[in-house]
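Notes for the one structure printed next.
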Amino acid sequence: MTYLTRSPWILHYDASSCNGCDIEVLACLTPLYDVERFGILNTGNPKHSDIFVVTGGVNEQNREVIKNIYEQIPDPKVVVAVGICATSGGVFRECYNIMGGIDRIIPVDVYVPGCAARPESIIDGIVKALGILEEKRARMRQPDTGKKATGGETV
Amino acid sequence: MSRQIVMPFGPQHPVLPEPIHLDLVLEDETVVDAIPSIGYIHRGLETLVTKREFPEYVYIAERTCGICSFIHGMTYCQGIEQVMDLEVPPRAHYLRTIWSEYSRIHSHLLWLGLFADSMGFENLFMNSWRLREFVLDVLEETTGGRVIQGSCKVGGVRRDISNGKLTAMAADLAGFEQKLSDLADVFLHDDSVKSRLVGVGNLSKTDAYDTGAVGPTGRGSGVAIDMRMTGYAAYGDLGFEPVVEKGGDCYARCAVRVRELFSSVEIIRMAIERIPDGEIEVKVKGNPEGEYFSRAEQPRGELVHYVKGDGTKHLVRSRIRTPTLTNVPPLVKMLQGCELADVPVIVLSIDPCIGCMER
Amino acid sequence: MKIEEQTTTEIEVANLIGKVQAYRSGGYRLVQVTCSKVGDLFEINYSFEKDLRFENVRIIIDPDTEVPSISGMYWGAFVYENEMHDLFGVQVKGMNVDFHGNFIRTAVPYPFRTQVFKGEGPCHDRS
Amino acid sequence: MIELAFLIIFPTIVAFLLLFISRGAFRDSVVKIAALVIGAGSVYLLIRYYNQGLVLFSAPFEPATEIMFGIELIIAVLLLYLGIRYRKYLAVVLVLFQTALLLLVELVLLSDAHPETNLFIDQFSLIMAMIIGIIGTLICVYSLGYMETYHTRHPEVKDRRRLYFFMVFVFLAAMFGLVFSNNLLWVFFFWEITTLCSFILIGYAETHEATNNAFLALEMNLLGGIAFAGALIYVLSVDPTGGLLEIENLLASGHAIALIPAVLLGFAGITKAALMPFSSWLVGAMVAPTPVSALLHSSTMVKAGVYIIVRFAPVLTGTPEGLIIGLIGGFTFLLASAIAISQSNAKKVLAYSTIANLGLIVACAGVGTYKLVWAAILLIIFHAIAKSLLFLCVGTVEHRIGSRNIEDMSGLIIRMPKLAVMMIVGIAGMFLAPFGMLISKWAAIEAFIEAQFGLIFVAILAFGGSLTVFFWSKWMGKILSFDPNAVGEEKSVKVEKWLVLYILTGLTVLICLIFPLISSTLIEPFVLAVYGQTARLSQDNLIIMAMMLFLLMIMPFSMLISGNNGKKVSAYMGGRPTSPDLKFAGSMGITRDVTLTNYYFNDMFGEKRLLMTGTALCFGLILLAGVILAGMIL
Amino acid sequence: MISLWTALLFIILAPFIGGLVSGIDRKVTARMQGRVGPPILQPFYDVGKLFEKENLVVTTTQNFYVLSYLVFIIVSGALFFAGGDMLLVIFAFTLAHIFLVLGGYASYSPYSFIGAERELIQIIAYEPMIILTAVGMYMVAGSFFVSDIAASSLPLIMYLPGVFIGFLMVLTIKLRKSPFDLSTSHHAHQELVKGVTTEFTGPSLAKIEIAHWYENVFLLGVIFLFFAFSIPLALAALVIAYLLEILIDNTFSRVKWQFTLRSAWIIAGMLGLVNLAVLYYLAGGLLP
């Protein structure tokens, strides 16, 4: 087991959610759920993060932002789409400004459904992500002889 | 040569759970100019009235915002009911009031936590959110959802709360109020908190009026606008006095919300006491024809749901004017000349709900 | 049972400024500005309130008519006017803070102007 | 003695030669050769005298004094003419007053005086001579290239380079004279010459501002001159034979006699060293071409002021007057350091930092225990080298990028990498361990603790020292930030400029390594001779410092060794998409540049407010000293 | 006078002690907030994790500054524990922080740039007090050498109560605790994201973290000096002082830089200087 799985730092970004999932993500940090028990911190800075937690669907203006943040997260990294909007666009799927789920823009590793996703399922999703994180780490090391691994893009 | 720093603040920023973007122009650490930019979570949900029949649209209205979702749903329903002249049973009105006030408490506690966080008081953040879980539990027990309740419908409410449960809820409130006053004490009387709030982000009463401030933002500056005074739902029966502070700074806005927490508890208590028995919904027949500006008091201020129907099952227009939208111009005013360290505090002092604002 | 009385006065675009000025001097606050597309015309509602008296001024315009800005009287009106411009393509003249179409950037320009009302299919299917 | 005379007379000859050379190439070679000769001369002087302690010479007194008197009168007439022409009547009055005092000295009091030893050399003079002979000449060479660019950049300024080089070499001669003279009357003559040089060179550009600032400098220096003349009168009235005119005799005569002239000379030193309340002239002097600032207003001329105070430190030590002079220095250090924070003009920052450091030296000399004098001399050396390097760097940068504003030096490490490194060395030399200035500050802290009322000075050093950290670091940070908009523009800097900068950079580093040697061969014997005991840093600390320096020098190689330096990504912009040149999509659809500027804290460290405080405070202290002095005389 | 052994011991042990202290800190903080909190060893996991991550940079020179920061923090700490000159230790310490600041400047990113400016403000806020602390120790123990101060039989705390309180105050700044963590923040909020460390990723960030551990051990060492006459008392004082810092961290909101600077200077001026002055004149000069 690598240290990665014991200290996943998350970055939360609200793509275009209704806030429901966002406050549940935040609620995970607070005394009742206290994810810091698992070493999970909400860093707020992509450059320090391992897990990118996105809520809400992609719209015109945040498309570039999500891409930019994703690029600024150092490898290995995992994307967790929280809530049905992030997964597929949800109730807003038909809105003129919504492109759909986060996977339209960046590769998503874990989908956490729910409207709003409950803190329990968010934590569950993050724990799922840890496994993937470790896999990516292993893959990043392997082809070290050749070119550098590029991490998440291939998933 | 100018000694200005131009930096982007947001859309992704740890202090803001939601994306708002400010271009900050600083001199040393003084904010010379702050230009807001929105649109990061604009979904365009108002157009969905053309896809959803008007009773279904409640779900969309509720998902305008995950924090005050109940009030959004209720305001929309209220608009349709007004257009269609539906007589909602009194028990439904009372239940709506109770859920509204629980939502308000949950929202204000959430805000208090974020606000504490914005001034770097992590412990207070944690404690506010811990207290909030109590409200979420009540909401979950009575509606089934923690943040999106889905318990309001056109013509009434979807589910009842048994009288036994109501009594239990009233009993629990006493303990809650005790914890609340401990928390309120820190927000209102702690020196280090006060040093970050008093005199920060001033908004005079005239400015508040000119820029269209509503809700606690306006009431913190002495503008007594509170839609609950119109007496929608059961507020008319319960009697209502708005909470007003005169300071006009972040402290006053914080104080308004803290005091509103107690007034909400009081309203819930009264509502539980006086709630009549009876039906919880009326049957809806026909389609809405006509228009109405349905107004309600959201935790952030006056919410306007404009509904316009033409007698078909689809509305012609739904327009949601959220309090955060009207509170943006005051925010721009407040930010000028503040310190960089005050920016998060001031931005949060209007309790921005970008999800609402951009729809 | 009505919660409150809401009155609506329909006026000409030319009279808008005078009317709004009257509200301003009467101590009313601006509640909101809404644009709606009714048929081929735009209906713009300006809502004012004083002491829980809710009054509504309405202008009905051609989509290409230029509307004068009321932000000179109500400073905060720019948010509504910019929004109106970005979503409906209504040209507003003389806004105090003009975002030049960047207030809300949308995937399709002026979505509310072009949307198909009463259409059954998704209004913007990008799948 | 011939070496001393040579160092005074040779630059004078060169100066007159340069006055008649208008051809650039010829002037270049003359200046370079002269610089080499003067530099070699001073090195020879060092080799010849470093181990001889104090050596006195009896130069011919009467003829030399008469020549000097004649020159002084000519200068007085010149200044009167200029003063009337520019309607600076304060200057006129001061010149008249000073001339009157001078006439009194020369015609009345001096009739019976026959000082015997008029020139001397000891380790302290040697150190000063080295500074003048090496750094001074380097700056002369540098100014060849600088002045050429200066005139192409400023076509509106009349080309008076003949006058410029004349004044510079006269100045070198005068400085040598000043540090070699044992006779106060001679010191006074050279003192006045440096004042004149400074006056003319500040006014070089002949703009309104330059003229005003030149007169400001003149007026303040004349005040000092008057005090100096007062000291002469006092000395001659105490001892009409003129024996006490000899510095060595005066120092030996003890507190009772020497204190009053020492305090008057201290006042003269304060004006020359531009301590508060007279700091404004030095800040104003920054209108002069940069080499002038480097030569006169940081490394040498202002050092004449502290030189005289350090000389008289044994007299001042332990007296209330000495403490007051020390306090003026201390407060100047604290406040000038604070003011430097609020400045963005590089030359002004350097000016305030110079004032601050001169203040510190005066604080050391005023309190004047043996340890402090040791520290003060160290400070003089380190400051002269690092500050002249910085001035010259700023001058070069200014000519390349067309601005002397620190904000415009953003990303200098990309634009002019070599120069940036030199500047970093210079800045580090000013405040960082294990470089020079910090060593002296450290020594000063240790020394102050044991001195009387030392706690005040320790506090001043603790607070002032941290302020210097602020303004130097932010400047350093600005230079080192990788401004993505920066492009290389280092080419076309002249070879001789590079050479001078290289030498000075080398010296800055070298001096940190060899200062124990300098201390043991020059400073310690001097302090020992004056006080009978001396100070030095502990051996352990020296080794550690050397190790730190070594570590600092090898650190940059760590970048080469570790192959994986990381993948490059754009800077964090709150998630906003950014282009490589740091533009971001701002509000209202405008693409904005990220601009980053340092903090200046005008509210807290504003020039005006602090200057007023400092002026009032130090003026009060001077008044106090004056009252005490008056009491003593009466 | 200088003992290489203790220095070596510091270099080897300090990261472990520092990491453990930081782990306990997080646990206690969590408990104060009514949470369970991370495992005690969490800081080690974090740093281990960071070393497993990719290094993203804005400019490669960042690596140099970070490494220098770490090296000079170690140098100053080692010098301290070797019993070296207190003032030299402080200067080396400042030098180390200048490297961190330069690292922040180097990337030319708004957040790290402003973080660097604020880090500088912090440096000027705490430096006078730290120097006065050294001076106070000198006045009591008669030497600037840590070895002599530690060997002094006089109870420093009795002579230097004001200096001690002043030092505790700047310790709050140094430990990056609320209300004074202006330039960077562990939980990453507020106006500056991560301040001066914003642009450092993976291994670089890990180095900064390790440097913090070294730094914390060094600072605790200074507290120890105040009580060096009695080891048990000193250990107790360390625990109490650190718990006090955690308590302060949890009971204050962050203040602004103006307040930080002013209060640090006023406390240094009032408590520190007055203490020293009293010591100086009551004791009739230096003690030994």
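Per-chain residue numbering starts at 1, and chain names A, B, C, D and E are given in the order in which the chains are listed.
Just so it is clear, contacts are C-beta pairs under 8 Å (C-beta built on N, C-alpha and C of every residue); 3 or more make two chains touch, one makes a residue touch a chain.
Everything numeric in this text was worked out from a predicted model, so none of it was measured.
Enquirer: Among the other chains, which touch chain A and chain B together?
Expert: Intersection of chain A and chain B contact lists gives C, D, E.
Enquirer: Ignoring chain C, which chains remain connected to each other?
Expert: Once chain C drops out of the picture, we keep one piece.
Enquirer: From chain D, which chain is the farthest off, judged by mean CA positions?
Expert: Of all the other chains, the one whose centre lies farthest from chain D is C.
Enquirer: CA centre of chain B versus CA centre of chain C: separation in Å?
Expert: Computed value for the inter-centroid distance: 23 Å.
Enquirer: From the mean C-alpha coordinate of chain A to that of chain E, what's the distance rounded to whole Å?
Expert: 35
Enquirer: Any idea how many Å lie between the Cα centroids of chain B and chain E?
Expert: Using C-alpha averages as centres, the distance is 43 Å.
Enquirer: Could you give the separation in Å between the centres of chain C and chain D, each centre being the mean of its C-alpha atoms?
Expert: Centre separation, chain C to chain D: 69 Å.
Enquirer: Note the residues in chain A that touch 2 or more other chains, in rising order.
Expert: 13, 30-31, 42-47, 59-61, 65, 69, 72, 94-98, in rising order.
Enquirer: Could you list the positions in chain C whose residues touch two or more of the other chains?
Expert: 102, 105-106, 111, 115, 122-124
Enquirer: Hey, what residues on chain E touch two or more of the other chains?
Expert: In chain E, 33-35, 54-56, 110-111, 113-114, 187-189, 193, 198-199, 201 touch at least two other chains.
Enquirer: If we count contacts the way the header does, which residues on chain B are in touch with chain D in the complex?
Expert: Per the touch definition, chain B meets chain D at residues 1-13, 19, 21-23, 28-29, 35-37.
Enquirer: In their complex, what parts of chain B are in touch with chain E?
Expert: Residues 5-9, 13-15, 29, 116-124, 126-127, 130, 190, 192-193, 195-196, 339-344 of chain B touch chain E in their complex.
Enquirer: List the residues on chain E that touch chain B in their complex, please.
Expert: By the definition above, chain E touches chain B via 29, 32-35, 110-111, 113-114, 178-179, 181, 185, 187-191, 193, 250-257, 259.
Enquirer: Enumerate the contact residues on chain A facing chain D in the complex.
Expert: 13, 45-47, 64-65, 67-69, 71-72, 148
Enquirer: Show which residues of chain C lie in contact with chain A when the two form their complex.
Expert: The touching residues are 105-108, 111, 115, 122-127.
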